[in-house]
Amino acid sequence: MTAATRPDRRKPDALRCIRFRPKIAPEAAGSVLVESGRTRVICAVSVEESVPRWMREQKVSGGWLTAEYSMLPYSTRERKPRDISKGRLDGRSQEIQRLIGRSLRAVVDLEKLGARTLWVDCDVLQADGGTRTAAITGACVALEFAFHKLLKAKLLAESPLKERVAAVSVGIVNGRALLDLCYAEDKEASVDMNVVMTEGGRFIEVQGSGEEATFTDAELEAMLALARKGVADLLAAQRKTLD
Amino acid sequence: MTAATRPDRRKPDALRCIRFRPKIAPEAAGSVLVESGRTRVICAVSVEESVPRWMREQKVSGGWLTAEYSMLPYSTRERKPRDISKGRLDGRSQEIQRLIGRSLRAVVDLEKLGARTLWVDCDVLQADGGTRTAAITGACVALEFAFHKLLKAKLLAESPLKERVAAVSVGIVNGRALLDLCYAEDKEASVDMNVVMTEGGRFIEVQGSGEEATFTDAELEAMLALARKGVADLLAAQRKTLD
Amino acid sequence: MTAATRPDRRKPDALRCIRFRPKIAPEAAGSVLVESGRTRVICAVSVEESVPRWMREQKVSGGWLTAEYSMLPYSTRERKPRDISKGRLDGRSQEIQRLIGRSLRAVVDLEKLGARTLWVDCDVLQADGGTRTAAITGACVALEFAFHKLLKAKLLAESPLKERVAAVSVGIVNGRALLDLCYAEDKEASVDMNVVMTEGGRFIEVQGSGEEATFTDAELEAMLALARKGVADLLAAQRKTLD
Amino acid sequence: MTAATRPDRRKPDALRCIRFRPKIAPEAAGSVLVESGRTRVICAVSVEESVPRWMREQKVSGGWLTAEYSMLPYSTRERKPRDISKGRLDGRSQEIQRLIGRSLRAVVDLEKLGARTLWVDCDVLQADGGTRTAAITGACVALEFAFHKLLKAKLLAESPLKERVAAVSVGIVNGRALLDLCYAEDKEASVDMNVVMTEGGRFIEVQGSGEEATFTDAELEAMLALARKGVADLLAAQRKTLD
Amino acid sequence: MTAATRPDRRKPDALRCIRFRPKIAPEAAGSVLVESGRTRVICAVSVEESVPRWMREQKVSGGWLTAEYSMLPYSTRERKPRDISKGRLDGRSQEIQRLIGRSLRAVVDLEKLGARTLWVDCDVLQADGGTRTAAITGACVALEFAFHKLLKAKLLAESPLKERVAAVSVGIVNGRALLDLCYAEDKEASVDMNVVMTEGGRFIEVQGSGEEATFTDAELEAMLALARKGVADLLAAQRKTLD
Amino acid sequence: MTAATRPDRRKPDALRCIRFRPKIAPEAAGSVLVESGRTRVICAVSVEESVPRWMREQKVSGGWLTAEYSMLPYSTRERKPRDISKGRLDGRSQEIQRLIGRSLRAVVDLEKLGARTLWVDCDVLQADGGTRTAAITGACVALEFAFHKLLKAKLLAESPLKERVAAVSVGIVNGRALLDLCYAEDKEASVDMNVVMTEGGRFIEVQGSGEEATFTDAELEAMLALARKGVADLLAAQRKTLD
């Protein structure tokens, strides 16, 4: 890969083609298949009419939102064994599902949700880099579908969604800051950063890390600028689907 | 539910609408989303260029085929916890994936496959009864796609598929034999039977069981007759997709 | 093995010698060591004065019956590692214990049992084919002993056993249908079928499967005929022990 | 229970009735059902023609002997759940199987055994106190049967058994030292001691413990004296079976 | 190692240097780092204001004390993998923590403790033989610190500690009885014995075992004599720290 | 807590008192007890003379470094159950140990390390906020001790440490950016950020997240400025210990 071009000839600040296919899982309260280039993730929201035990025991009012993330075994060229075949969830998946949960809780008013648990499941159907950010961006759409349904059924008086959220990856590849890395780029990147932001332009998460590498203030700033642009474009795509 | 009509007004010997959507998981060697009424199952075949340890140790020649079955958490109205959250695969899923594996091995020439393992993954996206039989019927299609690909890539000289296979459920509901039960019917059924057959009209599996009920020779015969008709219709649908 | 004779010179429609040795486990409410040729299984019924959580939560009345099946490590020539050493029950054992449970629940009036759980444990002491069917046939005897005890202790007013049950294996070996396969025959069989029937001649379970083989209608019919004869003989043997 | 008499009117220095029933598990290389009063344990020895990985890696010559202990679920009045249902072996069982293994290894010449593993399985069929000591006493008999078989098959040139071993429990109940406690006595005991000794009158294990109690030198001495007598009687019973 | 001298030139009846460093874990109710030569164990007591479920269910009055023992991975020259990386506690650790728990319960008046659970955690920081006995000796000190704190906070009216407890290992090395074995001696020992005693000179536990070896009455007596002396010296060291 | 003062009256840009106590675990190749205010973490480095399986299989040259993180049960006021008692490592601990591993690998030349694995164990003895950053800062010191030892033993020709690393937490509490949060502050923080930096002033990790809150560019900048100052102070403290 030369420094000059990206595998799909995108500009450094261009997103991959993003698409939301609603109702992929009709039994869920809300669901969407989000496609970002060749990355495809099923996002589905289920509603449980109770709250976790720790909330009942500590008498915390309102509801809860929890996320689960998994890569389907056929999402990668070389088949990825199921979590259950190893008897435990791997560390990467746990980290990702905790990130998804925190990101969505930041934009949901758990008090307005009432004594319910929202389960947000993100299953990767095809993995080509950026699955965790696609999951967050897609889950926001599925969540809004679920709230529409609950509002229509008069189970909610008002939407608990405070504002929309989207996420994108950025990185330094061959010394250049790039937006929305595909897998081939991700493997070459010296720094990898995931940024989760709200419609209002505020950060929810900033996670940058150099595996066997480090980065400067200037590189951090360049990546954050790309991320801001990318998130704005993703929010526009969400609006087209939802409005 | 009265004895006279079925929830979707089907005749006793009618299948639900069956449809195969290819390439649901592009990283797999072959994949299909099979839809049987409201039941939807992702079937994907991955190829591993090695065989299980027991085959190497026992110096068994040829290849192997193994199946895994799982219900995605949002496939049911009430969310189904993931296997990993309980730390183990439940008995029902194990039984089903063993059945799928046996059914497909009966029509695959493992010698012609060469020293490879075929992983057949069946993930239920929406569950409305008959998920195990839909999985077998769909997996046969995914398998044929995978063999096409291997043949095209000259990795196989000849297709290892000896003949096609399809499966259907039958049951006794309110004293009447019915073909292809949906979930509402399945819950009412006194006897539930799954039949797996080849194109050549031979049985691979016949599994009939009465939970807290029993059945007569005549009822067994009536169910087998319906199954034969259902399998023939499924094989015709497969042909339309594959030929 | 030639097609003409069976390892122990039995006729195609002959059972192995069947024997029930009561009180093998005196702490159980009812127990028996069932011997079918060289296959030997401990069947023991324990009574728990409560019902599973799901019954209490769903307010289901009556009692429950659940079965557990295990092969003792020294039941086979090559020692079989304990389930616990692998940390999980293997798929085959789970499938068998679900079959035993279903078969017995079909002949027990759970309402008459009252708010109790019957635990039916089947531990294989020596394995020479047909352990699951011997387990069902023996468990029926152990169950009846347990009911005698509960009736005598006035804990039950009436026996919850609706009718007796017995089970037998049949198969196609070298093109011939045979009754009650021993291990050497089972390994050669192209089709293996287990049939569970009641005293009244009704089916509870019919499970036929060809591993890497298939079977015709005529073969299915021949196997069912042998199974009917075998079950009748087993019921006669049970009567001799119990009456 | 008064201080003066034992539940079965035994003298303080009397064993319960001891009996060895050979060939309880015919597939094992050697097996015996040992009965000590109402306590009954299946002891079976299997031979594996290889050694554990750590021996191969550390290039230790000779063979190995390992023991596994389990209580069958119907061995107690109140059913004891299987280890597998809790997913792990409980601490007590682990402790006991380590004791059995150590005790037998002390009398087996592992060098003479050759590159083999002996698996000694002890499954409690009925539990009335003293199951671990009965297991050791019975396992010694099963081991000798297994060695006879290996010698006869010319797989061994010489028996690896250096001398016989037997084990017995002693305790302080209501201030009195008693030999071979049954369960009712064990529950009342302030001190419980297990002693494993060889034919030559040497100790292999001495394990005395006071749960919520303590004991003096004199009590220790009294218990050891009873244990010596008990072991001598057990060795005599073994001789009657074996010679 | 010649028979005449010990690695650190100690006399056969001499303890290693013993030291107690209080407050190693300030969040615990009582804690101490016990050092016995090069063996170092963190002993910490935590108080939970409730009792285990089995006590509540069986309506047992008073409190409970339970111990957990673990070797930190860097306590040995060759790193010891954590229990969690194998998914289960190994048999040796379970046996040791059961021993620590029993030993301490023998000197604690659980009735006076009230409806509380004492958690005694023993983590080995450096292992050079005798970790289990150091853990018991140190835990007694940590326990007394915890009781001081509870008394001072008026949560207890009276100390539940009935008397102090200490433990020491003894063994037969090259035919000679030795007190307080270090790791190099322990590896050479033909017999290994752990003795737990109270201030009042009574035994709580006597556990002697010969791995691939046996021992005589005279050797048992010699080891017990050394143990009595060792425990007396340890109790003196505890007094210096506590009084 | 008013906005004006911190619990320990520190200035917003002041670290807690930091101290390194070497040789806490003498069997390790290098070890240190790092104290940051009331937070205390044992950091120990063990050397294994082999590399993980995946490196051997993929023929990756050089060595590896892996970290494990655990909270000792008595590190918190309310006792924290051990990982092993729940059978699995919790998500938070996994995430932290992955962070520690990545941070250290960024400053270690794995090629120079040779075919070895460095195990970095971080066990929290007392938890008062900032345990993961203290672990990284302390582990760097322990690592350098381990390299000194390997250099002295001529096992390494040159130190694989490219430069030192330190880590610190920052956060937004009541609208104010604060350096090095203690637990009481951490609980009140709307945003929590961990920053890992090298001596050369480059970032290794930047992880900022708002749980149920968001943050602006200006807040991000303010936190990064504090982090830079904190890391510089920590590096100075490391120098005092190491040089």
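Think of it as A, B, C, D, E and F in the order they're written, each chain with its own count starting at 1.
Here, a residue touches a chain if its C-beta (ideal position, glycine included) is under 8 Å from a C-beta of that chain, and two chains touch if they have at least 3 such contacts.
Computed from a predicted structure; not experimentally measured.
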Inset, instruction - Please pick, from B-C, D-E or C-D, the pair whose interface repeats that of A-B, with more than half of the contact pairs identical by residue number. - result: C-D
Inset, instruction - Starting from the mean Cα coordinates of chain D and chain F, work out the distance between those two points in Å. - result: 51
Legend entry - Distance from chain F to chain E - Cα centre to Cα centre, in angstrom: 33
Legend entry - Two or more partner chains touched - positions in chain E: 87-88
Inset, instruction - Between the chains shown, work out who touches whom and classify the graph as line, ring, star, complete or other. - result: ring
Inset, instruction - List, in order, the chains that make up the ring, beginning at chain D and going on to chain E. - result: D, E, F, A, B, C
Inset, instruction - Would you tell me which residues of chain B are touching chain C in their complex? - result: 88, 91-92, 94-95, 97-99, 102, 105-106, 110, 193, 198, 200, 202-217, 220, 224
Inset, instruction - Write out the stretch or stretches of chain E touching chain F in their complex. - result: 24-28, 31, 38, 42, 44-46, 48, 68, 70, 72-79, 82-85, 87-89, 119, 121, 123, 125-127
